[in-house]
Amino acid sequence: MIKVGIVGGTGYTGVELLRLLAMHPKASVQVVTSRAEKGLQVDAVYPNLRGFNDLCFVEPIIENLTTCDVVFFATPNATAMYMAKNLLDAGIKVIDLSADFRLKDVAEWEKWYGASHVCSELLEQAVYGLPETNREAIKGASLLANPGCYPTATQLGFLPLIKGDVIDTSILIADAKSGVSGAGRFASVVGLMSESGESFKAYGVPGHRHFPEISQALNAVSKRPVSLTFTPHLAPMIRGIHATLYAPLVDKGVDLQTLFEVFYAEEPFVDVLPAGAHPDTGDVRGTNRCQIAVHRPQGGNVVTVLSVIDNLVKGASGQAVHNMNIMFGLDETDGLKQVGLYP
Amino acid sequence: MIKVGIVGGTGYTGVELLRLLAMHPKASVQVVTSRAEKGLQVDAVYPNLRGFNDLCFVEPIIENLTTCDVVFFATPNATAMYMAKNLLDAGIKVIDLSADFRLKDVAEWEKWYGASHVCSELLEQAVYGLPETNREAIKGASLLANPGCYPTATQLGFLPLIKGDVIDTSILIADAKSGVSGAGRFASVVGLMSESGESFKAYGVPGHRHFPEISQALNAVSKRPVSLTFTPHLAPMIRGIHATLYAPLVDKGVDLQTLFEVFYAEEPFVDVLPAGAHPDTGDVRGTNRCQIAVHRPQGGNVVTVLSVIDNLVKGASGQAVHNMNIMFGLDETDGLKQVGLYP
Amino acid sequence: MIKVGIVGGTGYTGVELLRLLAMHPKASVQVVTSRAEKGLQVDAVYPNLRGFNDLCFVEPIIENLTTCDVVFFATPNATAMYMAKNLLDAGIKVIDLSADFRLKDVAEWEKWYGASHVCSELLEQAVYGLPETNREAIKGASLLANPGCYPTATQLGFLPLIKGDVIDTSILIADAKSGVSGAGRFASVVGLMSESGESFKAYGVPGHRHFPEISQALNAVSKRPVSLTFTPHLAPMIRGIHATLYAPLVDKGVDLQTLFEVFYAEEPFVDVLPAGAHPDTGDVRGTNRCQIAVHRPQGGNVVTVLSVIDNLVKGASGQAVHNMNIMFGLDETDGLKQVGLYP
Amino acid sequence: MIKVGIVGGTGYTGVELLRLLAMHPKASVQVVTSRAEKGLQVDAVYPNLRGFNDLCFVEPIIENLTTCDVVFFATPNATAMYMAKNLLDAGIKVIDLSADFRLKDVAEWEKWYGASHVCSELLEQAVYGLPETNREAIKGASLLANPGCYPTATQLGFLPLIKGDVIDTSILIADAKSGVSGAGRFASVVGLMSESGESFKAYGVPGHRHFPEISQALNAVSKRPVSLTFTPHLAPMIRGIHATLYAPLVDKGVDLQTLFEVFYAEEPFVDVLPAGAHPDTGDVRGTNRCQIAVHRPQGGNVVTVLSVIDNLVKGASGQAVHNMNIMFGLDETDGLKQVGLYP
């Protein structure tokens, strides 16, 4: 059994890791840290875990993690960068669900995250963990930067078009909608149900932290410069991201449906729906699956891609487990075989 | 008092007309029809109206409507076209909340609505009731085609840009999200809360009936041909439309905020928010107001407009009352002074 | 025009007062205080009020309120008690939406609210503002204690039974469900939509602060001692309270429907539904109305009462305006004529 | 592998059986019937099942089911009674998720279900499938009547009190709240999100079909006659039942917490929470678990029990799988090890 530590076990991505790993046949959570809940039983804080987890939260210090084979950081940004080096030096693999190691350009990171990066020397070796484009590098990774939720849904929708070189990359639109759990488990007014229920709004239109991550990733695989407009929205639901993507079609003769189906034929967690379909976030609830449909409305010049994920699973903790499976040579679907919780 | 008749009083736009007109100082509902609920008290079907309405539903026939000054059709499509001519001939004004008289091209109408238009001779004289672009014509209208919900939110967002001639109209994107009440009060599986709650999805991507309506309207005011991609989505809430609009900016020197503020300076129901704002559907709930913000993310080449309305008010019944007010020379805000029901 | 001040204008009951008073024909808000938002435009914080309110928030000090005829406290508990005396001494009427003056027994208050009462000398003169039982006293009140939301829905359901002396008051059950806005506009984890959406739970079962308020009020009108079990629940919606009330029926011959209809015949804001009805919180959304139905399931020995209100209106700000209307000799329905926002 | 057939695979309990059985180590679904969807791929109707199920819906006739070891009826009431006998005669076990075989008294069944029972001769042999009270009988059952959702949550809460003989059974109150999926996947107006979202109401107060089922079951285990008042409510969420139960406490000396813990000590799917807890339906979402807390508010004379389940799992399909496991001698938790999907 792979011995797992989780730093920051009291947020939504932390408890989701605990949910997924409770069913994992080859990994076992040994340590869960939480500064705020130190000493408490994990299942006293999360009654859904009663009977599945008898650990207590411990202090998030290196000494408590040295017996682990891998440590997941389910922490706010600018936390993992303080501990990653020591863990790596101790031979422990690190999977960071936060944004600390996602951007290669430290100046860009510091601009968007408003902090000094204390561990920029590791940015080079950090592997960006989108298995669908980066599987080989992930296999050898010690420090894995798990992608953001919006970047996952957006990249998976654009990748076949960009790698297939069939669109004009100078004007890409990503209109993305997220459930409220993406904001995490922090006391706030804007996250109150009275504020976010029965309401819909965009946010971060002038600039959102996931914008540089998506831009970096798409530019890395594109022959031509990618110019992206990204608009996140808050939808009145708990889980789910729906990315609606637009691009001018250059190659008018391409069979888009086949392009997507071939591109993802071997991927266990990307499911290209039949032509004409409209994916629903509700169908991937609780799963590590991305469901995608590609349209060319009225045979026109714009391709529209619809890409849905569960932000806490494929957009966070599930993808992190997938990456762990790859890093440790396990079956990629271990612990990730859930059927979508519909309705 | 203006004597009002409502045909189709048991749908959501019908009951919303009843709610708004109950408070109208110069109009009084005299007749409400419903084939299915004939004979029942209106407030037995709609307990929110108890004490405000003592009418009974009657059969939807011309004979029951002849005492009215104006008749609203809050009916499914392809209903008003059977009765409008007789009412007009009797000197009664008609305000149609359905789509029967919105498109000028009968072939286009028949293609999108899948029926023969039995009253196409009236299409020419029908006035499209978006007050912000068509006020003078509305003043003299006898037959008014009340705009659709998506078309209202979308046009109000694009109009300043198109009339100001500052964008490239060859690639407009309208990514629109609607609450479920837009689908009406009809028994269905897809409208069940178990299906549409906690879920988000696009629909009608290959083609939606509001597409030709928006295209017709935008082309009518644009110097250049407008090519639009329109994607409607279903959001897990009851009321509200959020249209997120994208266009390539051609006039890089324009002050977008001023453009919008000047354009709508005199409009009682369009509220341009301060620069940097993100309108929220929850702030216009129950009101006839459109709140708009305009952005140019990171000073780039794409302008992003955020436009929100309550689909049942500014997107339907409120706009219909506004049109009635204009048609009868009343104060435009009569009956429409509600404050948004937040939270 | 009555000159109104609102202390604590940034919570939900504060903004709801602003919404209702914006339409009031005889009252005008002159002052709105907020320590946190001091100096900001009210409509910058609450965009739903744009165009209806051009005030700025000011410091909550007596000096800012001396021009008012009446001051509403829409504050957390244990705030009004610090300012009420000075305002009263200045000849200003006080309507307190918090709990500071609801309980007559200071020890009881201090036990449930966990604070010392700094103004207990006013408890005696404070008038409990449930108009349906206390209208005459309200007319002469200078210091009005506006009832809590649960107590309003619960009392209105039990009153006809208790005053009619038809039930065994030794075992009353009040099972009450509230929307999340009842918890106020405070940053919290439990109020997050991720926590309270798609979930249902009871809270405060061992003891809730509204328990002594309801007990005091019911005992005050009952011939026999009232023993109540009160269970509040959090329902995944924003507005609305549904109280389901149970009592053993002693007078088996009573016509319950008539008892309720007669009891509330003259009340403008209590609407007894026809026999067999099931009131829906959605029908009173945004209104000051209580809709009630009374049942005797299967002709048995238990009477079941269903009582619904909008917790922010009849359960708070609307009732406060109602009380102001009574205190100032206005028409009781001034500013309170809204139709329920259905759907 | 146990060969499973499902009759009525297009409702919510049908698709939930498919979800659970997809992960079952010892059972395999061979046949899924649907008259309406005959010929369609199961995963074309339910995209959440893509990759987990390659069956097509077939006609619901005996001939299609003869290869099965067990047939689940996930059908509307008054359907299973037409097919059960033939299946049993063919040596196939039957698990009926509908109400056809739950009541022992045929006249009572016919009164509540408004139909003639065509197979009343099987009522005697049908075993009521609440494992916590009936495990031994279930082991030998051929025809299993799976309990209703409200009856499951209600019985599990009352059983320790009644079997422990510590309450006065002459006045039991069950105030129960259900998510909307309990109404099934049928086109309707009342089930629309526009109707049931953001609203709360009771229904069936004069009499609900689950009332006789609960009464029969509680009377069967009680030393004294049970008189129950049962009020179902519709809560604006998809999954979950919260039963709040009240009873006068007779044995004032009993340790209620211990009573419950001991009673359910060996049960794999009933989880008695620590003293003082408030179970949340969200913690059992997607699981076969009932979480229970018992309270004696303010040390008074009434015991309050809070009992939560997922209505589609422990309240329907999960309990049906549990019963199958018992009937076939499998590990009781096979296929039922899910962790609650929080948040």
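Just a few scattered comments:
Order as written gives the chain letters A, B, C and D; numbering starts at 1 within each chain.
What we mean here is this: contacts are C-beta pairs under 8 Å (C-beta built on N, C-alpha and C of every residue); 3 or more make two chains touch, one makes a residue touch a chain.
This is a predicted model, so every value here is computed, not measured.
Path length between chain B and chain C in the chain contact graph, taken as the least number of steps between touching chains: 1. A centroid comparison over C-alpha atoms places D as the chain most distant from chain B. By number of C-beta pairs in contact, A-B leads over the other of B-D and A-B.
Measuring from the averaged C-alpha position of chain A to that of chain B gives a distance of 38 Å.
Measuring from the averaged C-alpha position of chain B to that of chain D gives a distance of 45 Å. For chain C, residues touching at least two other chains, in rising order: 12, 181, 185, 194-195, 197-198, 236-239, 279-280, 282, 285, 343.
Residues of chain D touching chain A in their complex: 12, 15, 18-19, 22-23, 44, 46-52, 181, 185, 197-198, 238-239, 271, 273-274, 277, 279-280, 282-287, 291, 312, 337, 339-343.
Considering their complex, residues 12, 180-181, 183, 185-189, 191-198, 236-238 of chain D touch chain B. Across the complex, chain C meets chain D through its residues 171, 173, 175, 177, 179, 194-195, 197-203, 205-207, 227, 229-231, 233, 235-240, 242, 244, 246, 248, 276, 278-282, 285, 293, 295, 297-298, 300-302, 304, 306, 308, 343.
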